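Next, two complexes with chain A in common: one pairs it with chain B, the other with chain C.
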Partner chain A sequence: MKFDVVIIGGGLAGMVCGIRLAEAGKKCAIVSQGQSAIHFSSGSFDLLGRMPDGTEVSDPIAAMAELGKIAPEHPYAIMGEKFCAEHLQQAPEILRSAGISVSGDCRKNHFRITPMGKMKPTWLTIDGYLTTASSERLPFEKVCIINVEGFLDFYPEFIAEEFRKQGVVCNFGTINLPDLERIRRNPSEMRSVNIARVFDREENLEVLAAKIREMASGCEAVILPAIIGIGRDDAFDVLKSKVNTPLYLLPTLPPSIPGIKAQQALQHRFRSLGGEYFLGDTVLSAEWKDGRVKELFTANHGDIPFRADHFVLATGSFFSKGLVATPDRIVEPVFGADTVFTPDRAEWYTLRFFDRQNYQAFGVRTDRSLRVVKEGVPIENLYCAGAGLAGFHPVQEGCGAGVSLLSALFVADRILKGE
Partner chain B sequence: MNIQQNTVSENNFEQCIKCTICTVYCPVAAVNPDYPGPKQAGPDGERLRLKQPGFFDSALKYCLNCKRCEVACPSNVRIGDIIQSARIKYGPRKNTSLRNFVLANTDLVGSLATPFAPVVNSVVALKPVRFMMDKVMAIDHRRVFPKYAHGTFTSWYNKHAAAAQAAFPKQVSYFHGCYVNYNNPQLGKDLIRIMNALGYGVRLLDREKCCGVALISNGLYNQARRQAKINLKSIREAVTDRDLDVITTSSTCTFTLRDEYPHLLELQNDDVRDRIELATRYLYRLIRSGQGNLKFKEGAPLRVAYHTPCHMEKMGWANYSIELLRMIPGVELVVLDSQCCGIAGTYGFKKENYRTSQAVGESLFRQIEESGADVVATDCETCKWQIEMSTSKPCEHPLTILASRLA
Partner chain C sequence: MNAVYDVIIVGGGATGAGVARDCALRGIKVLLLERSDISTGATGRNHGLLHSGARYAVTDHESAVECIKENRILRKIAAHCVEETDGLFISLPEDGLEYQTVFVEACRKAGIRADVIDPQEAKRLEPAANPSLIGAVRVPDGAVDPFRLTASNILDAKAHGAEVRTYMEVTELIREQDRIVGVKAYDYHARTEETFYAQVVVNAGGIWGHGIAAKAGITVNMLPAKGALLIFGHRVNNLVLNRCRKPADADILVPGDTISLIGTTSSKVPFEEVDNMIVTPAEVDLLLREGEKLSPILAQTRILRAYAGVRPLVASDDDPSGRTVSRGIVLLDHAQRDGMQGFITITGGKLMTYRLMAEWTTDLICKKIGVKEVCRTAEIPLPGSAESKEEVEKKIRNRPITQRRSSISRHGAMAVEIDSENSLKNSLVCECEEVSVGEVEYAMEHLGVNNLIDLRRRTRVGMGTCQGELCACRAAGLMGKKDPVCARKAKADLASFLNERWKGMAPIAWGDTLRESEYTTWVYQGVCGLSDETTKIAVK
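Let's turn to the complex of A and B:
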C-alpha cells in the first residue's frame, strides 16, 4: 500500500497531524495499535499550566519564552516560541473543524475542574464543561451537584469539599431510573458510557430534566457528571433547553465521554478527508534504504508493506507502549530509536506519586526538526510527534495536549515544506 | 532475563489495565444489560475462573465473538479469545439443543437442502412454518432464511469447470465455504471468472468441511476440531505438496482458518497460515505488484456502500476490498462506519437474541438507508443476510460486483 505519509499512532498527535496533512492534499494512513489515551480526556486541552519549578502560569505564550531558557530541550523550546505562537490558533481550528467545539485563550489560562473538584489551569475546554476564569472564584454561590445512584466514577462529596473552600453552598441530588436499575445488575460496569446510553433515550432525558428542575430549586447552577451524549450529539443541548438553571458538566474517571466523542470526531474528520485509518494493527518492522525508512510491515498485513515518502512516530508514551521501560533503559519498540533517559534507575521516579517524576520527561531522541534519531543519526523521513517526545512533564507542567497538538502541526509543517 | 516474557499468558490477559475501552466498543454491552461487557466477561472474569471454575458466568453466551474489543484494546489483550476459550473450557458440556445443532451444521443441513432447494426455500418462507420453527426450535419467526441453491457449487464445478481450470498454467486453491456451496454458487463462479481473467485456474481442495465457526459458537467443539483437522490436512496438501495459495471469499471463514484454529481449537497452523487469505487481498497484491491486470467495460454509474464485517475489521483487511471496488469504472464508493450488523452468524437466528441482534445493527441500517447507495458490498455472507433483511438495499460480495463489470 502506497501513501504520501504513514503515521503510527492514532491518538491526539497522530490524528491531528493526519488531518493537517490530509487537508493539504496528502494521502495519509494512520496505523494504531488500539484506541488511544484520548479516551481518558478531561474535556480540556492544556497548553502550559505550571513552570518546571511549580509556579502557576497565567499567560502561556509569555511563559514559553521563559521556559525556553530554563528547559532548552522542552518540545516548546525546540519548536520555538515563534512557531508555537503562530500555530496556537490553528490547533483549536482543527478541533472545531472536526466538530469539537472548544473555547479558550492561549494568552490567558482559564481553570478546569477535575473529577476530584480541584482547579487546574488549562487552555481549551469543550463547551458545556464547568470552567472558571479565576481559581479564587466559582461562577455561582449555591450549586446542586447531582450524581447517578451507584455510579462509582464521580465523587460529589470531594467536589463539594473543594467548592466549600470558596464559600460555595453545595446541595446534593441523586438520580435513579428503571433503565439505570437494569445496568446496575453489573455494578462494576456501571460506567459513564453505559449510563450515557440510558440518557440517549428521549424519555429518560425527559425524566432527568424533570428531576433536575426539582432538585435545582433555590440553586444558581447544577452540576452533572459527564454522562450525557454518547450516541447522539444533541443530548446535552436538549437537556439544557428543558432546565432553566445553568447546567455544567464535570469530567468523570475514565472512560471519558468527552474523550470518546473527541476521538470519534477526529477519526471521522480524518477519514472524510480521504485518510485511511487502520485500527488494531501493530508495526512489526521497517525496511530501510539510504538512511530513510522505505516501508513498514505490520502484524495484520504480513507481506504487504505500508510504503510512504514520510513517516511519523506518534505512538505515545508508556501507556500506549510507544515507550517501554526495561530494568535498565527506555526502549522505543518500533524503530529502536535512541531515547533520552537517565541511566541510574534510582533517579527515574520518587516515591511521592504527585511529585515531578523524571520518567515522565523520558522519550524519543530527536533533532531540532523533531526527526527521530537512531544510533546518533537523524532519520531523514521519520518524525516524532506527541507524548513520545522527550523533555517535558505533561502532568506536572500541564502541557500534554499542547505538546501533542503543536508537535503534530510542526511535523506536518516540515513534511509539507518538503524538508 | 526478560521477566515480562515469562509472565505473559496465552491471551495476554495480565496486560489488561482495566481501562474499559473494550466495553465502550462492545456492540452487545451497548444494547443488552444482561451482558456484563468484555472487560468483566474477559480478563476480569478470567482471574476468578482461574481460581475457581465455578465462577463461570453463563452470560458469556451473549458474546457474539465479533472481536471488536480486541481491535479497540490499547494493550493487545485477546479479550474475545479469553471469552470464547472460557466458554470452551468452563462452559456447559452439553450445550447442544436440536436448534443449535441444526444452525451449527451448515454442511449437513446444506447437503440435505440443496437437492430440494425450490421446495425447501418455499416451505421455510411460509408463515406457519416459521411460526412452528419459532415455537419448537426457538428460531425467531421474523428472521428471513437464506435461500438454498438448486445444486451445489462443487457438483457444478466437478461437472462443468474442473477440466478447463486444470488447463491454466498458474493455479490457486479455493476454500469455497458453505455459503458458496449451498447458497450462492454464483459467487464461486464470479471468483473463477476473475481469476481466469488474470491467468489463474481455480482448483478446489481435496476435501473441504465447513470451517467450523458456527460449531464453535454453538458449543460443538469436538466436531469443530475434527472438521478443522480435515481442512488443515487439505490445506497442507495444497500449500506444501503443490505450492498453491489457498484463497476464500468469506471473511469469517478466512479468519477462522487463520486465527480461530490456533487460538480456540488449539490446532497449530503456523506452517500454512500466511498462505491462507481472502481473495480480495490476493487480487490486490497481484494487481498492485503488476503481475496481473483486469479489463473493465464501461458501466452505468453505481453507488456502492462498503460494510466492514467484524472479522474483516479484526484482520484489518477491509482496505483491499475497498481498493478493488475503487478500481471499477463508474463505481462511486462510500465506506460505512465500521460497526457490527448484529447477526454474528447463527446468533441472530436465535429467538432469545433477535432483539439484541436488530438493536446492534440499527445505526448501521440507518446509515445504509441514508447513504443513497444502489447496492451494499460486504465480504461476509451473514452480514449480507442481515442487511438485506433489515434494509431496503440489495447486498453483494465485492467480487460479484467486480465480475459483473469485467470486459
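Let's turn to the complex of A and C:
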C-alpha cells in the first residue's frame, strides 16, 4: 500500500495531524492500536495551565514566550513562540470541523470543573460542560447536583464541598430507572458508557427531563455527570430543550463519554477527507533505505507493506506503549529511536506521588524540526508528534492536549512545506 | 475523668491483638492502644507464611516445635485466615542434596511431617517450581492473612468487652515510684491527650517497643532488621516454595489470595529509619535474581509493589554487644528484670507464634493481678472461623458468585452480615478483588476503618493488579457520602492513599507498573485535579 504519509498512532496528535494533511490533499493512513489518552478526557483541552515551577498561568501565549527562555527543550520552545501563536486558531478549527464544538481563548485561560469539584485552568472546553471565567466565582448561587443512583464514578459530595467554599448552595438529586436496574444486575456494569446507552432512548430521556424539572425547582442550574449522548449527538440538546433551568455536564472517571465522542468525531472527519484508518493494527517493523524509513509491516497486514514518503510517530507515551520502560532504560519500540532519559532509575521518580516525576518528561529524541533521531542522526522522513515527545510535564503543566495539537500541526506543516 | 483498666496493651499488631483477645476471654478489663491502624507494623509487612516450622528445624529446634504446634491450632481457630496449600523445599543443582537429609531428619525430630518426593512429582504438583530441581520435600506450610487474623482477634476481643482505640499514640508511661500505673496517649483524631490507668501495662510495640520501654527508663536491646519483599501481580504458585538450604535471602515464595510474594532480604537499619522503610533498587534486584531461581516464571511476571517490614530482633540480656540474637519469643517481666512493677514487654517471636506469645503474656498478667482463668484461645474459633466455608456459602447463595467467594475468603462466616439486599449494595467498588459497596459499608461500620488505607487492610480494596486505580476513588466517594466533613476528609484521604500506593510502586516503576502510574497521574491529577494541597489539610 502506498501513501503520502503514514501516521502511527490514532490519538489526538495522530488524528489531528492526519486531518490537517488530508485537508491539504495528502493521501494518509493512520495505524492505531485502539486506545489512547482521549478515552480519559476531561472534556477540555489544556494549553498551558502552570509554569514548570507551579505558577498558575493566566495568559498562555505570554507564558509560552517565557517558557521558551526557561525550558528550551519544551516542545513549545522547540516549535517556537511564533509558530504556536500563529497556529492556535487552527487547532480549534480542526476540532470544530470534526463536529466537536469547543469554546475558549488562547490569551486567557478559563477554568474547567473536575469530577471532584476542583477548578483547573484550561484552553478549550467542549460546549455543554461547566466552566467558569474565574476560579473564585461560579456562575450560580444555588445548584442541584444530580447523579444516577449507584453510579460510583461521579462525586456530588466532593463537588459540593468545593462549591460551598464559594458560598454556593448545593442540593442533591438521584435518578433511577427500570432500564438502569437491568444493567445493575451485573455488579460491574454501572459505568458511564452503559448508563449513557440507557439515556440514548427517547422515553428514558423524557423521564430524565421530568425528574430534573422536579429536582431543579428553586435552583439556578443543574449539574449532571457526562453520561448523556454516547449513541446519538443530539441527546444533550434534546434534554436541555425539555428543561427550563440551565443544564451543565461534568466529566466522570474513565471511560469518558466526551473523550470517546471526540475520538469518534475525529476519526469520522479523517475518513470523510479520504484518510484510511486502520484500527486495531500494530506496527511490527520498519524497513530502511538510505537513512530513510521505506516501509512498515503491521500485525494485521503480514507481508503487505505500508509505504510512504513521510512517516509520523504519534504512538504516545508509556500508557499507550509508545514508550516502554525497562529497569535501566526507556525504549521506543517501533523504530528503536533514541530516547531522552536519566540512566539511574532512582532519579526517575520521587517517593511523593504529587511531585513532578522526571519519568513524565522522558520521550523520543528529536531535532528542532521534530524529526526523530536514531543513533544520533535525525531521520529525514520520520517525525514525532504528541505525548511521546520529551521535555514537558503534560499533567503538572496542564499542556498535554496543547502539545499534541500543536506538534501535530507543526509536523503536518513541515511535511507540507516539503522539508 | 480517667478510665481505669486491669491491663493496657500498647501496640495493635498480631501480638497486641492476641493479648487483648486472651485477656478479654479471661474476663480481664483491657484497653488496647495503637498509634496507627491495626497491623501496620511488622504484622502486615511479612510473607504471610503459615510456617510449618520446617524452615527453622535445622537451626532452631525450639522455634520449629512452636511453629508446628501453632500451625495446627491456627488451621482450627482461624480457618478463614488460613489457606492450606502445603509447601515444597526444593533443592537446586547448586544446593546439592546433602542438606535435604539433615533437613528431613530435623523436621521429623520437631514433629513436622516432611515427605521426600520425586522431582517429577514435585514439578507436577507445582509447575511454577524451577524445573531443574533435583530434590523436593513436602511439608505442611501454608498461607495466613495477617490483616484478617489481627482484625479477627480485635473483633473477638471487643465482643468480649475489650476496648480498642486506634490512632492513639502512647506518649508517656506514668510512673509512681517503682511501678508503672498507666499511660498518657495522644488522640490523632480529637487532637487531645488522654490518661489511662491500669494495674499492668503491656508493651507489645514490636520494634517500636524499644522506644516504649525507654519511656520507663528501661533498655530492651533490640536490633531493627529490615526485610524487603515483592508482591507479584498474579498467583504464580499454589504451594509455598522454599529453598532446601540454610535460610538465606529471598528464598521463600508464598501464594496468597490473588497474588504471590517473594522475600525477604535482611539488613540492619538504624532506629531513625523504622518509620519510613524504603525499598532500594539493589534490594529489588536481589529479590528478583534469587526469586527467579525458585520459580523462573517470575522473570516475566508483573510486580505490583515492593515493601519492607522491620523485625524486632532482641539481643540476649547477657550479651551487651548485641550479637547473640534470638528469633524466639521474648517475654520480659520488668518487675523481675528491672525492678519495675506493673510493666511487661512481649517481643521477638513471629506472626506464627502470636497466639502463644499472647498466652504467655496473659498467663503472666493473670499471675500479677490474681486471675485464675485459663487460656482458651487455642480452642475457641475466631469470629469468621466458626463455620465452614461451605456452610457460609449456603446462607448467601443469592449473591453473585465471584463476590460470594471473595467475601467469604475475606470475612469467613462474617460475610453473612454484608448487606446484599439489592443491586446497589452488590455493585462493585473494586473489580480486581471483587469488593462490593455492601462490603465497603460493612468494613466502615464494623471493622474500625478510618480511612482508605485501613479499608485496604480489611477488604483488599486497591490491592489488586490496578493497585487502587479507580476503586480508591469510588471508595473515597462512599466514605465521603456521610456529611461535608467526610467529603473533605475523604479527598485528603485519597491523596494520602495515592502517596502510600506510589511509595510501594516507585521502586519497581518500569514496564506495566510505570504505565499504570502514568494513567493514575492522568486520572487523579489531570481529570480529577487532585493535588498536594489536599494532603496539607489532611485531618491527622
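Basically, the second predicted complex is superposed on the first by the 419 of 419 C-alpha atoms of A that agree within 3 Å, B and C clash if a C-alpha of one lies under 4 Å from a C-alpha of the other, contacts with A are read in each partner's own complex, and residues count from 1 in each chain.
Going forward, contacts are C-beta pairs under 8 Å (C-beta built on N, C-alpha and C of every residue); 3 or more make two chains touch, one makes a residue touch a chain.
Everything numeric in this text was worked out from a predicted model, so none of it was measured.
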Looking at A:K120, would you say it contacts chain B, chain C, both, or neither? Reply first, second, both or neither. second
Contacts of A:S317 with chain B and chain C, given as first, second, both or neither: second
Tell me the contact category for A:L152 with respect to chain B and chain C: first, second, both or neither. second
More residues of chain A are touched by which partner: chain B or chain C? C
Looking at A:L416 after the superposition, I want to know if it touches chain B, chain C, both of them or none. Which is it: first, second, both, neither? neither
In the superposed arrangement, which partner chain does A:M1 touch: chain B (first), chain C (second), both, or neither? first
For A:E276, select first, second, both or neither according to whether it touches chain B, chain C, the two together, or no partner. first
Of the partners chain B and chain C, which touch A:R185 in the superposed model: first, second, both, neither? both
Which of the two partners, first being chain B and second being chain C, lies in contact with A:G302: first, second, both, or neither? first
In the superposed arrangement, which partner chain does A:Q360 touch: chain B (first), chain C (second), both, or neither? second
For chain A, which residues lie in the overlap of the chain B contacts and the chain C contacts? 37, 40, 185-186, 188, 254, 319, 321, 327
In the complex, the residues of chain C that touch chain A are 278, 281, 285, 400, 403, 423-424, 426-429, 431, 436-437, 470, 473-474, 476-478, 480-481, 484, 486-488, 490-491, 495, 498-499, 501-503, 506, 509-511, 514-515, 517-523, 525-532, 535
Across the complex, what residues on chain B touch chain A? 3, 19-21, 23-25, 29-30, 33-34, 36-37, 39-40, 44, 70-76, 274, 281, 284-285, 288, 313-317, 319, 335, 363
Touching chain B in the complex, chain A uses residues 1, 33-37, 39-40, 182-183, 185-186, 188-189, 191, 193-194, 197, 231, 254-255, 260, 271, 276, 278-282, 298, 300-304, 319-321, 327
Note: in the complex, chain A contacts chain C through residues 37, 40-42, 114-116, 118-120, 149-150, 152-153, 155, 157-158, 160-161, 164, 181, 184-188, 190, 251, 253-254, 256, 317-319, 321, 324-327, 345-346, 348-354, 357, 359-360, 394-396, 400
